[in-house]
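In this document, chain identifiers A, B, C and D correspond to the written order of the chains, with residue numbering beginning at 1 in each.
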Amino acid sequence: MNTYDITVFLEDTDAGGIVYHARYLNFMERARTTFFYHKGVNHGQLIASKTGNFVVTHIDIRYIKPAKLGNQLSIHTNLTEIRGASIVCKQNIMHMGEKLAEATVTLAFIHPETGVPLRIPESIKQHIH
Amino acid sequence: MNTYDITVFLEDTDAGGIVYHARYLNFMERARTTFFYHKGVNHGQLIASKTGNFVVTHIDIRYIKPAKLGNQLSIHTNLTEIRGASIVCKQNIMHMGEKLAEATVTLAFIHPETGVPLRIPESIKQHIH
Amino acid sequence: MNTYDITVFLEDTDAGGIVYHARYLNFMERARTTFFYHKGVNHGQLIASKTGNFVVTHIDIRYIKPAKLGNQLSIHTNLTEIRGASIVCKQNIMHMGEKLAEATVTLAFIHPETGVPLRIPESIKQHIH
Amino acid sequence: MNTYDITVFLEDTDAGGIVYHARYLNFMERARTTFFYHKGVNHGQLIASKTGNFVVTHIDIRYIKPAKLGNQLSIHTNLTEIRGASIVCKQNIMHMGEKLAEATVTLAFIHPETGVPLRIPESIKQHIH
């Protein structure tokens, strides 16, 4: 449930022969979306509802070793903090037992039109606790 | 006006050392957006208006020579056909006088919610003729 | 073996609320890579070997219906032609039994440094036949 | 020299109607590449030389306000630290005088095959000082 697997395809790599650094953020977003989906929170529906959805407000990511074409990566996601209007996840990108990258990602719950931070609804909190 | 220049950055390349083939579609979309903008058609505003916007319905692209990191590319865009509910563009991707790729792109004007094809408004046709 | 499933994540969508058209080429490349991998052809190893690999030389893609955030897509890949130095695949992007897009993709076998077309080695042909 | 302008195109946005958060890393990489190019350091040539190039080892990015389709963004890059084997940049993403995001990016100089950190050559240090 808190592990999401991906394969590195050609689109993920760059001319340096390794995964382009920004792609890790895409991988981690796929992992978080799936993590929350399995907890009963459908982010696509939140966006479609236009009443409130999560946006990334802070990322701290450390790149330790590069990933390469064809690697099978495993993204580990842990929800470490639930505040009134935001949550914090720790995510590790693993390859064959080695940590390639580690990140702390903060997501705020906002109104999609105004961008104003909103209290995370209890219905969502109950799911993610 | 019908030429749009881009530089190939690391994000555009893949582990084969060349521009990833799908990126050419991104480059061509940037060039078309700018082409129409200079003709007085703001695609971002069309999307925001939610009354009708263009979507790609067909692409035929031939890759002739690869582009590489740091190359300065020039995208040539010509509007070759204006029909009732769609338009056709020819686009060439050039590098130092050589053609790297050539494409024919068809765009339909649709309703953003239903996806139903709409007649292109006269106000738009006047701009792009 | 000739079906590859993907989920549409936020990264795949655009402000029009649908999958960005160029992303289909990324999806199809993931499907082809996996298709050939299961047939015994590891494209990552071909690229690393620096003696010859496949590159896309022509794509004809028709977009029929848009895919949306959270959709589960299935990419069908069929190898329809094997020539001396190139192959042709037909690929359909399906959602719940409906065809969203169909494409014909030609790949040439080339020398990675010079770009010169090469005869596809018999060792590869035996795998993909 | 330390300002790099980009326009937000459809490819940069997501179904939430704003720029997809990972894209800022792409924008900042384009800005850094151009910043170093104007200082006389051609990153594409460094990669091609296969003797040493920069890779991102740490990013801390704070997202303040979202960017939207059609926005003209300006990326400000400052080199704040030059160490033996790494450098640190501060980068701000601006829109009409407002800061949309701010990041601290650390880049290490490494051997492209082994990934081992290398001392930044004096020839490069002279250019970037």
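Rule of thumb we're sticking to: contacts are C-beta pairs under 8 Å (C-beta built on N, C-alpha and C of every residue); 3 or more make two chains touch, one makes a residue touch a chain.
Here the structure is a predicted model, which is why all the values come from computation and not from measurement.
Engineer: Identify the chain pair with more contacting C-beta pairs: C-D or A-C.
Structural biologist: A-C
Engineer: What chain is the most remote from chain A, judged by the mean position of CA atoms in each chain?
Structural biologist: The most distant chain relative to chain A turns out to be B.
Engineer: With chain centres taken as the means of their Cα atoms, state the distance from chain C to chain D in Å.
Structural biologist: 31
Engineer: For chain A versus chain C, what separation do you get between their C-alpha means, in angstrom?
Structural biologist: 27
Engineer: Which residues of chain B are in contact with two or more other chains?
Structural biologist: Correct list: 10-11, 15-18, 22, 26, 29, 44, 47, 68-69.
Engineer: So in the complex, the part of chain C that touches chain D is made up of which residues?
Structural biologist: Interface residues on the chain C side: 10-11, 13-18, 20, 22, 68-69.
Engineer: For chain D, which residues are in contact with chain A within the complex?
Structural biologist: Touching chain A from chain D are residues 15-18, 21-23, 25-26, 29, 44, 47, 53, 55-63, 65-66, 112, 115.
Engineer: Could you list, by residue number, the parts of chain C that touch chain A in their complex?
Structural biologist: Touching chain A from chain C are residues 7, 9-11, 26, 29-30, 33-34, 42-45, 47-48, 68-70.
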